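Structures follow.
In the two assemblies presented below, subunit A is common to both, partnered first by subunit B and then by subunit C.
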Partner chain A sequence: MTATMSQCLAQMVQTDYAMKDYQSEIAPRWCTGCGDTAILTAMQRLCRDEQLPPEKTVCVSGIGCASRLPHYMNAYGFHGIHGRALPIAEGIKIRRPDLNVFVTTGDGDNCSIGAAHWLHAVRYNMNMVVMLHDNQVYGLTKKQASPTSPKGLSTNTTPGGAMLNPLNPLTVTLGISNVSFVAQCVDWIPDLLYETLQMAYRHKGFSFIRILQRCPNFMDHHFDNWMQDPARTRLLTHSNGLRLKPEISRVYKNQETHDPRDMPRALALAALSDEVPVGVLYRNPDVPCYDELRAGERPSTPALVETVLNEEFDKVGIWPAESEQAER
Partner chain B sequence: MKHGKIVANPAAHAPVTKTLRPALFARYADLANLRHDYPLVLVDFGEGRPLVRPLSRIIDGTLRLVAPKDLTGEAMRQQLLQLEADIRRRVLAGEEARLSDFWRDCTAEMIRAKGEGPFGGLDNNFEIARKRLPYDGLVIGCNGETPAKVLRHAWSAKQAAKARRFRRVVDSLILRLSDILKSDHMKSDEAHGAEALEAAMGATADGSIDFGALSAVLERARPEDRLPVDRVARIRDALQVLKGQPFYGPGRASDTTPCKRDPYNYTFDTCSAALDAYRDRLPDVLAFTKALTVAELEVENKYRPELHDQILARFDESDMSAEQINMLPSALVCLRDGETVSAETARSFEALACGLPITVLVQVDDLLGPTSPEPPVNSFGAGTARLAAMAMGLNNAFVCQTSSAHINRMIDGLERGMRYEGPALFSIYSGATPNVPDVEPYILSAAATEARAFPSFTYDPSAGSDWASRFSLAGNPEAEKDWPVHEVVYENAKGERQTETLAFTFADFAICDSRYTRFCHLSDACEDALDRVSAAEWLTCVPDTDPTRSPCVRVIDPENQLFSVVVDTKIAEAASRCIDAWRRLQELAGINNSHSRRALAEERLKREATSTQQAAAPAAKAVEADAKPVEKPAVPEPAAPVESATSDGAAWIETPRCTTCNECVQTNDKLFAYNENMQAYVADPDGGTYRQLVEAAESCQVSIIHPGLPRNPDEPDLPELIERAAAFN
Partner chain C sequence: MTTEGTQVFAEIADPMDRVPPKAGRPAEVIEEHIVEIVSDSGEGAQRCGQSLASIAARMGMGIWTVEIIPAEIQPPHRSIAGASGNRVRMAAKPVTNIGDEADLVVAFNEQVLLSRLRAGEVKPGATILMENAWENDLNPSIATAYVKVCAEVREAGYNLIEVPMEKECQKYVPDPRKGKNMFVLGMLCAIYSLDAEKARAQVRYIFAKKDQRIINANIELLDAGRAWAEANLDIAYTIPAPPVAEEQVVMNGNAALALGTVASGMEVCAMYPITPATSASHYLSSIFEKVGCVVHQAEDEISACAFAIGASYAGKCAVTITSGPGLSLKQEAIGLAVMSEIPLVVIDVQRGGPSTGLPTKVEQGDLMSAMFGTHGDAPKVIMAVSSIEDCFHSVITARKIAETFNMVVVILSDAALATAQQPYKRPKFRADWLAPPVNQSAVPEHAHPYDWDERTGIATRFIPGQPNGMHCLTGLAHDRDSHVAYDPQINEEGLLNRSRKLAAFQKTLRLEPVHGGDEGELLLLGWGSTRGAIQEAVDRLRAEGHKVSSLHLKFLQPMASGIDKVMKRFDRVMTIENNWNDPVSDPLIDENNRRYSHLAMLLRSRWLVDVDCWGNARGQPLKPGAIHDAALAKLVQARGEEQ
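Entry: the complex of A and B
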């Protein structure tokens, strides 16, 4: 293989991407104080620290406030249609496995209209990072109840208060077969958000991160209980999981050592209602990836596709005129 | 006479006039009825399949699947074994066909012979078994062509695997380069023209769309950033070379357009031809390697003309790495003792020594050579048996020596040799020699290995750095002994059953050769004659101690009468040369290694000299010292830097907790700024008022701004602000 030679030559090309190289010309149009900015920053930090070439990075989104993120990244982007971020990302990954695929989606986008795609994307376990920006409300359309809105939340569609218990994206994801990486973060602890994102990126498979995200406009003070009382944030640490910096440890003293391989405990943690678990709930690097299983011996070139199709058609080829003559 | 039954000759004084065979051959007189490694199936290559498999093993495997172990399976077992015997008989008669063809013909014959029609019981049984046959492929017998056939088969399998890997890499590069050109083309005038747009609609366009107007609309949104012209040219050139490569055929549905010229042939009859071809093809190889490198850089967008142009312009054969050469097919050269001119032997060593991926088969048909030393004519001569051992001295070549009969046992070595990325020599004795009439090549080649005349061994330079990991004698019968030992059962003059243990020596092998028959003399028959010892014994000790005794071997005549023949010094000397060479090989494999024996003897002497007590005391101390853990110097853990409110009352931010929400920097972007991680810090405490600090602290969503104490005592409303700030300090 010439890999060594081209690798040597490629190393001559110095790339040193800085944060600004990942910032597009469009300034973020999120409200001041919006949690999405923390997520964008964490993503740009990850790209810089992993030195991901912008031309090898794709951000895919659906519809919603969160889904504006691809516009603000200087990388390839696909602002898709409502709920369909994941099928688009899967298509990109299977055709271009060399690209780093990131999906940003919101609670409405992913858990409501896109719920079916979400389940199957977990099952396919294709190598990508999915960030669920969960502000528990439809913000772009000015406050309607989303599947994760808490019971009793008064919105434009539920003026008398939401009537149903919210859906828990963590327990749902953990319950789907082939799940390989589930984590939860909060946008107001950006250091852990960055660390978790980095682990998600380095995990081979479908890395699902639910990020609790503040919406200062429509859900102001909604997360105050958790933000102001560090004891209600439970940090999940492990030698294979998050490792805390002293300044974080000093503030957040409620910590638990959790082995990311421990599924029963992960389910119990995901179901906590009064505390917010932050960290990697579950990680299993041995789950096969659909994109790798599907990768054939040969690339699917147009010529190969044509030959295979022709071979199939030839199996049932009929020549009526000749066969009739032969019968006679 | 019953097959294999031997009768001791009562009195034999006759000279050697008839064909004599070693007594141990008696059991193997009728190969057609013996289940052995032949017929051998050259299995059609594919992932996870063996290279070759004896027919008997395939039948056994199928029987295990289809015939129950009890009596119900008995009929099917007998039918399949009968079928196997039929195929074996046909192959021994010189027929050659695929297993499925043999199966069809032989079963049809058996069904006819039994008087059954199609879909009868017998046909049904054969059909059940046929469906469970794991492999198909060419069925070959053991003859003069066997080594070349097996090696060509193994080589083709390796080339097919290489071609698959090659096409995967090249096709995917072609696809990705074409994608780059295609996406550039989509921005061109042509792609935006009315014609292209109409063509894109397909045949259904009915005139309802004005493609000219559509083109004008699209024109406004057309991206401007076209690829640089030189990059497009570079990609086109690389694509052309990759698509037109002449090393492998296009394969099934390859994206490479079929080569204008035929793909190169890589099988040669002489090493000179192989080396010449290598030189002739070098420009193509270089062009391809360059194109591949350019392509790999281009798809990663890492090609920089100012850096790489010069390097690639200077690129020549001396820059080629082994990996690059190994991506392309390796050459196969089949040489045959007696057919290939002698000068080619020297060339083969040259070819092996230069390190190119070249696989050389030296097929040996005549092992013993002429009876008197003479310059070889078109033959590797007496050196043939040592050719492989000599090649080990090259050190970089994979070497495998074996005989036709042992090919299946040595198949692992054969596969490793094929996988080896570098030169490889296979020296295989076919057993098909005109000087030994009436002995099947299978028996003779097995005998050559048994007699240590042509031992099986492999030398694999990639297996490790020492002899122990590189060299292996596995596959030889009783490799730890001088000669393998067998029992022979015969009937003596009184009709009693006798058992004798015989070693199979080089002398036994040599007497088969018609040229050496005159060096044997029938013994006086008295089995206990004092001056007769077995050749094995004689070779071990006698020549030095008792020159009057002479070696003899046990032989049989075509009627299975048992004799002893005394062998002449000619054979005895050749036998001692043979055993000497075998012992050297044993040493390489770690059997009776002279260095270690010498070291062992010296050590023993030393031990005897020193008293055990004296030796034990310091040893115990040494053990104790070893067991004691090395104490680590205590290094104090560096104290974690802890940020905290500064005592001097300066304002500060818990930067790692900042969520980049823009609140503070929108309040005052001189006072607050983002660091390289886009997280806020107090950039200039004098850049704003204390009021701004306090307000920023209050509006901070995550409450990480600590305003400290006011720096300007003249600021208005200070007492109130200090009170408000207290909550955040």
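Entry: the complex of A and C
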């Protein structure tokens, strides 16, 4: 009975926010065919389905094409500086558990200039969703090699082809202490993008999603081999993981039942080079969250501040001779 | 132990031969003394000095202490670079600075003494109490070095007294290295006629967390030191101070910054370890959680600043505490806070620079980088602290300015204030020190997140959680709706309003009174930790009949109105700063290329006044005597030019 009533109430609330309530008055200015558009739509769908009040939702980003996303959301947004989205998001979350924090970042923003923050953010395991828009190239600055660019890629800074093997954001993240959620998806399968994002949102902790994202301008046809050959996409399923619609299952037959608690298998899947695993690679809901560890036992009040200040002053106090004697 | 070869004091080296204390021996009445206690790192000289100061302060004396800190955690023993200790100025009146050279030095070995002598920190003819165990060291090179240095020190005219500290301490504790400092404290209490019960109370306080056995052993050592000095030394002083009249607290500048942070109502401090700022964060870490707040040790200086900006954005103003190299790293993030108008307090405890520079030493070298370090036009408030009490209250003021004007406020302290202790009037808590609760009320429909008031440049910011306030804050040029804008007019509108806030704030500033006389031959201008030393120099010069005054600036950006009018009432103007300026005596330097000290540069550019500068970047606080001499030289030069 109670359950029914709360369900009714929930339904009433759910009618409050529609897709358009999360769309800002600014039309996205990404290039035609840019994968970021699909990610934005998935974000807005998630907000609607989870009925997140726009004023309680904060999208934080750094600098780059992906980092323009907060401008296109009707929510609080913080379009910061290159590489620093994560520490800004951590600062936002530390005293505001009521806010839903999403971070959008790119492969340059997160894996190059902001790489140190990435490692530590995983370790802090603060409750937020991080979307790494990985198009494997610098777009906003017009085609330079990024840390995730494939070896041999010709760019303006690597005219003879990128010389180094790319950094793998999945294996790196999985290798960091306190990792609690790592997933991968691709912008060209919107249903699975949404599903993964929803699982990330519902996970308590630092939910890291690497999203392979097309850049039609500088990396045209780069993902064609994967898009055109469904066998090269491996869907990770689990009773508590991706729910596959029949039409998806019909196309993507390369599936594996993967327990997200299985770290060795997660690392093996993350290291696949010819196939793209899609779904949750790793999930551990039991990792402590830094924001909860630092939440404190009591709120700061003027009375508390006064008490503690006086305690500290007493330790280093000098009193007029008379009163000092009176205390003894 | 043989005492042969320690000619002068051989007769007192073994106290057991002596008769008991000379009760009621006359003590010389003095106005003040500067005492240094120096040892190898870890021998407790710092604790000894701080305790001496605390006891003196409880007797009503004015005190100022400074730590003598080696740059390394475990520097080699018996090395010049390893000198560690404390310098205490005790006076009948309140003191505002560390003063000139030391009158009395207690040295635990001859090498650390050499370090102080070579640094020019000891007055000619000063009394030196030296541990004499080294004379019989099993290592002949140590014994030889000791004897040689002692001879040189005597030769140089110092009153060297060799004291069998270790030998005496061994009577009470098995390892004299632990406890010698309390024996020395007892000696100093005897020399300066300090109250025995207050001294014991201090020892009980510093060992409060230890068990009773240790407390008793240390009190025994303290009393033994006193008894030994009374029996064996013929030096005794009294510094007649009035009894303490009002409640005071005694702490160093970094502790005052930490307590000021608590009192300001800021709830988040994000930092990264750096000398000499870190001790403020250490202390804050030990108390901030008790008031429900957080010290976050970030992975680097940049993230510490970005974290503080995020926390400010989401509610109340936050603080990041650092030193020079950290300030350099934070600059881009500071620019973001300026551009997006997020309130932020940055505390910079300055040290010698550039680069890693002199991590443990003082320099006022960051004024320009604090003011102009960020690319583009980035107006922010720069204020400097000039006493321990000022450290406490300035954080409260800074938070208020930051939140009233949605600006970055940089507080400049330095290594001299960081570890200097001074008593000040116990602050009485006021609820209005704290920030009001975070505004979560609905924003009126169609309100703009950057609705700049053209009279002040201020826009009321919208905080996440406020319905209708959704907008995307950005470091890009933006319009009143926070929409990215590349339009030239919109860009200038933002620049104008951010600059206006500084001008509006400037209208609230009042110049502090001139110290000395309202007009005269020479005006000295200073900022930050040099206040006490400059004013003391001015007092001495005026007592000698020179028409010298000083003006100290708390706000460096913006500066209060009226500084030009003050400068015009003096024939000459000179800044006194603890930072670099090109010496005019250098053959390469002339008026076309001379680089002035920071404040001098600022004053010259704003008011077209021929401001000279004096100071140095030797890593030491400026002494009143040196400032006095520099001002006198300037007067002599000026009088010569006029003839």
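Following the convention adopted for this analysis, the second predicted complex is superposed on the first by the 284 of 328 C-alpha atoms of A that agree within 3 Å, B and C clash if a C-alpha of one lies under 4 Å from a C-alpha of the other, contacts with A are read in each partner's own complex, and residues count from 1 in each chain.
Please note the rule applied: a residue touches a chain if its C-beta (ideal position, glycine included) is under 8 Å from a C-beta of that chain, and two chains touch if they have at least 3 such contacts.
Predicted, not measured: the structure shown is a model, and the values here were computed from it.
*Asks:* Of the partners subunit B and subunit C, which touch A:D191 in the superposed model: first, second, both, neither?
*Replies:* first
*Asks:* Output check: A:V251 vs subunit B and subunit C. Expected answer is one of first, second, both, neither. What do you get?
*Replies:* Once the two structures are laid over each other on A, A:V251 reaches subunit B alone.
*Asks:* So, does A:H120 touch the first partner subunit B, the second partner subunit C, both, or neither?
*Replies:* second
*Asks:* Once chain A of both complexes is superposed, is A:P70 in touch with subunit B (first), subunit C (second), both, or neither?
*Replies:* A:P70 contacts subunit C only, not subunit B.
*Asks:* A:I81 in the overlay: touching subunit B, subunit C, both, or neither? Say first, second, both or neither.
*Replies:* In the superposed model, A:I81 contacts subunit C only, not subunit B.
*Asks:* Check the residue A:M163 against both partner chains and state whether it touches subunit B (first), subunit C (second), both, or neither.
*Replies:* neither
*Asks:* Between subunit B (first) and subunit C (second), which, if any, makes contact with A:P216: first, second, both or neither?
*Replies:* So A:P216 only meets subunit B here.
*Asks:* Which partner does A:P299 reach: the first (subunit B), the second (subunit C), both, or neither?
*Replies:* A:P299 sits against subunit B and subunit C alike.
*Asks:* Once the complexes are superposed, what residues of subunit A are shared between the subunit B interface and the subunit C interface?
*Replies:* On subunit A, the residues that contact subunit B in one structure and subunit C in the other are 53, 55-56, 98, 297-299, 301-302, 304, 306, 308.
*Asks:* Per the contact definition, I'd like the list of subunit B residues that touch subunit A in the complex.
*Replies:* Those in contact with subunit A are residues 164, 167-169, 171-172, 174-175, 252-255, 289, 292-293, 296-297, 299-302, 304, 307-308, 311, 321, 323-324, 327, 640-643, 654, 656-663, 666, 676-679, 699, 701-703.
*Asks:* Sort out for me which residues of subunit A touch subunit C in the complex.
*Replies:* 24, 26, 53-56, 58-60, 70-71, 73-81, 84, 86-96, 98-99, 116-117, 119-120, 294, 296-302, 304-306, 308-310, 312-313, 316-321, 323-324
*Asks:* Considering the complex alone, what residue numbers of subunit C touch subunit A?
*Replies:* 57-58, 243-251, 255, 259, 262-263, 265, 267-268, 270, 287, 289-294, 296, 298-300, 302-304, 306-316, 318, 332-333, 335-336, 423, 426-427, 429, 431, 434, 462, 464-476, 483-484
*Asks:* Which part of subunit A faces subunit B closely enough to touch in the complex?
*Replies:* Touching subunit B from subunit A are residues 1-6, 9-10, 12-13, 18-19, 32-35, 37-38, 40-41, 44-45, 53, 55-56, 98, 187-191, 214, 216, 227-228, 245-248, 250-251, 297-299, 301-304, 306-308.
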